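Every chain is named by a letter (A, B and C) in the order it is written, and numbering of its residues begins at 1.
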C-alpha cells in the first residue's frame, strides 16, 4: 500500500473517475436491479392472482344467469285439469304436478312431430319427457292456478330444460360424457340439437336464478338465490340496526368519557382482540348462547344477525373512534366555550362531523359481514331452505339461507351443474360488495375533510 | 303478545312520553321556557328514557332467564326411568320441546282449545302418529310422563309469557308516570338525561367484554362437558382421529393440529415473501401510476370474502395442481390438498401481510434512509441492511398476525384441504384442520350431547387459545416497535 | 474560541474541489434555488449561511445528489467534482456519494451496534478485504471522530443508546469511514447542546486537514468559528461568497450586512 493509506486504510480505493463504474459498482447495481425485479414480480403475482380469481369465477358463473328453455305450445285440457269444471282454484289443487307433467309430455311430443324432427326409435317417451326439468310441471301448475281462465286454451309455454340439456347447450355436457352418464343419453342430446336448430330450444336470460328458492339435488336448473338474498338482507338489516348505535355509543364513551383506568384498558384490549378472533369461534358462541341457551330457532336470520353484529362491532368501534379522534379538540372547546355541556358538545358538534367516517366504517363492516360464511354454518344456516321467509319481524325467526352459505351449499352437491350456480351466486355476492364499497368510497371522497 | 308487539308498545309509550313530558314542562313553567332549568326537550327525553329503558332491560333479562327457569322446572318433573332410557336429560328435553311444538300444530290443525290438549292422553291416543301427521317426527314412542312434561312446558311457557308482557308494560307505565311527576321548573332535566345517556354509552362499551365472556364461557363450559365424557389424555396425546357414530371414537387432536400447521405454513411461505416484497416495492420504488393501480388491486384482494377463495380453490386451483403437479409427479390424485388450501390461503393473506408491512416500513424514519443513501448505499442495500433490520420486530409481529389468521381460517380449508385426518408429509395429500372438523362435527347429524359433537368445543377452545396467544404476542411486539420511533 | 484566527487563514493555496455553474432547483413548481455559481475548495471548511428556507440545505443536497431521492425535485445547471459533471448520465449516484459523504441535521445512527454503524459504509463499498482491516478502519474512523475513547469498550452496544452529541460524532465517524473527498454537513449541531456542539466544531476543524468540508448552519457564530469561506444565501439566491473574515467584517452586499447585523433573518 502507498503512503496515503497510512492515514486512512480505507483509502485503499484507487482514484477512480466517476464516469467509469468499477466492477463492484456494476455488481451492486445488478443486485439492485434484481431486487427491484423481485418487488415488481411480487406486485405482478398479486395482481395476476386477483385477475385469475375473478376470471375463473366470472367464467364459470356467468352461465348461471342464462338457462335453457324448451318453447312449446301447450293445450291445457280443461277436463283433465279441472275435474269439477267450476274453475275453482281450491278444487283444481287436487290435480298434482303429475297431471301437468302428462300434458307437458304430450305437448312436447306434438311439437317434435310437427317440426318433423327425426327421433331415435330407441328413445322412450319417458326419456323424451326427461328433457324437461321436473320443475316445469310445477311451474305450469302454478301458472294455471294463478289464472284458471287459461284452461282450455293453447298457450306458448317455456318449460325449464333438464340440467344436463342445459349443460349440453353450455358445452359442459358432451356426447362423450353422455355416453357414460346414466341420466342422459347421446340419443337424447342428438334430439336436443335438432330441436335447437328448429328453434324449440334456446338459452335465455333467467331471472328465476335471482328470485326463486333453492331446489333439490336432482334439479340444479331450478335452484335460485331468492331465499339466500332475502336471508342475507334480513341479517344485514339486523346488523345495521344493532351494531351502528351500539358501536357508536361504545366509541363515544371510550373516546370522550372513559376515565383512564384498568376497566377501560380491559375494554380496549378486548375490542382489539375480538377483531382478531377467528370467525368460526363466533359461530360456536352463537350456537352455544343464542340457540342452545336462549332457545332461538336454528337457521333463523335473527341468530345470524346477532352473531354478525358481534363480529362487526369491533370494526365499527375502531372506525368510529378514528373518526372522532380526527375531529380537532378546538371544535369541542368552541362549543364548551359558549356554555354547552360536554354531552351537547359531542352530540351537536363532534358526532355530526365524524359521521362520514363512521358511515364509511359501518359500510365496510357490513360488507365483511355479508361475505362471512363460517359462523353461519354452525348456526344451521346450511340447511336446505326452499320457502321464502315471512315479512319482518316474524320473518327474522323463519328459516332462511344466506348468500355465502348458499354458495357453500351448492358446492357440496354432486351434480356439476351446481358449480355454475355457486359461481353465479358469488357474482351476485360480489356485485353487492362492489356496490357497498363504492358507496363507502364515495362517502369518503365527498365528505373527506382535512383539518 | 309477541316480543315485537311488546317492543312497539314500549316504544310507543316512550314517544308519547316525550311529547307529554315536554308539554308538561312547558305548562308548569307557565308557557315560558326560560323559567325552566333545562330546555323543554330534555324533560321529554327524561320521560322517554324512564319509560323505555327499564322496561327494555327487563324484557331482555326475561328473555334470557325464562327458558332456563322453565327448563329446570320441567326437567324436575321427568321421572328417573325416562332419563335413564333415553340416555341423558338433554335428549329427553329435546323430545319434550319437540312434542310441545307438535302439540301447538295439532291444536291448530284440529281446532282444539287448551282444555282439549290438556285432555290428551299418551296411553289412549297414538301421539307419535298424530304428531307425525303435522310434520313433527319423534324418535321413540311418547311416554305419558314425557307428554305431561310437554304439556307443562307449554303451559308454563304461555303463562310466563303473559306475566312477562304484563310486567314489561307495567314497568314502562311506572317509569312514564314517575318521570312525569318529577317534572318541575327547578328539576335539572338535562343533567339527569345526560347521566342516563352516559350510563347507556358505558354499558354499550361493555358489550365487547360481554362477548368475550360469552365466547370463553361457552367454550369452557362445553369443553368441560366433553372432558367428562372423553379422557383429556386421549384428546391431547392420541394421534388418531376417527369419530364413529355409535361411540368408541378416537378423538386425538394431533392429526388436526398437523394439518392446520402444515396448511398455515404453506400459506405463510406464499404470502410473506410476496406480501413483503409488494409492500417494499410499493413504498420504496413504485411511481405514482403503478401505485394508483396496484394498491387498489391488492386492497380488492383483501375485500373478497373467504368463500370466494374457497370456491377458487375448489374449482380452479385444486384441479390445476392435481393435473399438472400431483399426478405427473406421482404424488397423489386428490384435488383437495394441503397445497391447494395453502396456496389459496397464501393469496388471501398477501394483502394482509402487505398492508401491515407497509405501515411498518413507513414507520421507519426518513432520516434512516437519508443516512444510508448519504453513505452511498443503493436502494436495495438500504432496504435490506437498514430498513429491514429496523422494521424486523414489526414484521415479525405482522407475520404472527398472519399466522393467526391462517390458523383460524375456515372456508378455504373446508373447500380446499379435504377431510381426511392424517399426518403425512406429502403436500399433495388431502389433510384436515381444526376448523374443518369444528364445522363437520357441529353440522353433522350426531346428537348434541355426544362426545363426537362436543369435541368441537374443545377444538374451538384450542383454536381460540392458539390464535389469542399469537395475537397478544404480535400486538405486544408491534406496540413495542411503534414506541421505538415515537 | 478560534474566532480570532479567521483572518490569518490562507485559502488561496487550495484548488477548487467542486464547482457549480448556473444551478437551478425546482421542487415541483417552486423555484427553490436560482442560478448558483460557486467553487468549493479542497481542504477547506466552507459554510453556507442564510435565513431558513433560503436554499442553503437544498444546494448542499445537490452536491451529492441526495435530491434524487425526492421525487419532485429537478436540478438544472452543472456541478463538477474534480472536473467531472456529477449529473452526467454515466455517473452512478452511489459512487458519487461514496466520494461526497454527508452528515445530517439530526443524528441518525442505524439501529445496529456502534461497530456495524461505522462498518456499514466500508462493507457496502467493499473497501476492506478482511475483518482485521475493517476493524482498523472502524477504529481509525472513531478516533478521528473523537469518540473512540468513549465507545471503545462497548462497540457492540446499539448506536441508538448513545447521547445526542455522541450519536452525531458516531454519524461523522460513519461518514468518514468511507474516506470521502468531500464531507457535507447539514446543520450538524442544531440538535446538540453547547458542550456537544463545541466538540463537534473542534472535530470539523481537524477534519479539514484531509477533506473538503461543507457545512450548513444558521448560526453565524458557528460559521465564523469553523469556516474559512462563507456563502450567504437569501431567497434562493447566492448573494455573496468569499472569505469568512471578509464576509463578516466587510460584506459587499447590503443584504449580507443586514443579515449579519441581525436586521433580516
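In this text, a residue touches a chain if its C-beta (ideal position, glycine included) is under 8 Å from a C-beta of that chain, and two chains touch if they have at least 3 such contacts.
From a predicted model like this one, the values you see are computed outputs, not experimental measurements.
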Identity of the chain that, by mean CA position, is farthest from subunit A: C
Top chain pair, ranked by how many C-beta pairs fall in contact: A-B
Cα-centroid distance, subunit B relative to subunit C, in whole angstrom: 60
Distance between chain centroids, defined by C-alpha means - subunit A, subunit B (Å): 20
Contacts with two or more other chains, residues of subunit A listed in rising order: 28-29
Subunit C, residues touching no fewer than two other chains: 94-96, 99, 124-125, 178
Multi-partner residues of subunit B (each touching 2 or more other chains): 378, 381
Footprint of subunit A on subunit B - complex, ascending: 2, 4, 63-64, 67-68, 190, 194, 197-198, 200-202, 204-209, 211-212, 214-215, 218-219, 221-222, 273-278, 280-282, 284-286, 290, 294, 297-298, 300-301, 303-312, 314-316, 347, 350-351, 354, 378-381, 383-384, 401, 404-405, 407-411, 414-415, 435, 438-439, 442-443, 448, 456-457, 460, 463-464, 467-468, 471-472, 475
Touching residues (chain side subunit A, partner subunit B) in the complex: 28-29, 31-32, 34-36, 38-43, 45-47, 49-50, 52-53, 56-57, 60, 245-247, 249-254, 257-258, 266-267, 270-274, 276-285, 287-289, 292-295, 310, 313-314, 317, 341, 343, 367, 370-374, 377-378, 380, 382, 393-394, 404, 407-408, 411, 419, 422-423, 426, 429-430, 433, 437
Residues of subunit C defined as touching subunit A within the complex: 81, 84, 86, 88, 90-92, 94-96, 99, 122, 124-128, 133, 136-137, 140-141, 177-179, 210
Residue ranges of subunit B in contact with subunit C within the complex: 287, 365, 367-378, 381, 385-386, 389-390, 484
Contact set on subunit A toward subunit C in their complex: 7-13, 16-22, 24-25, 28-29
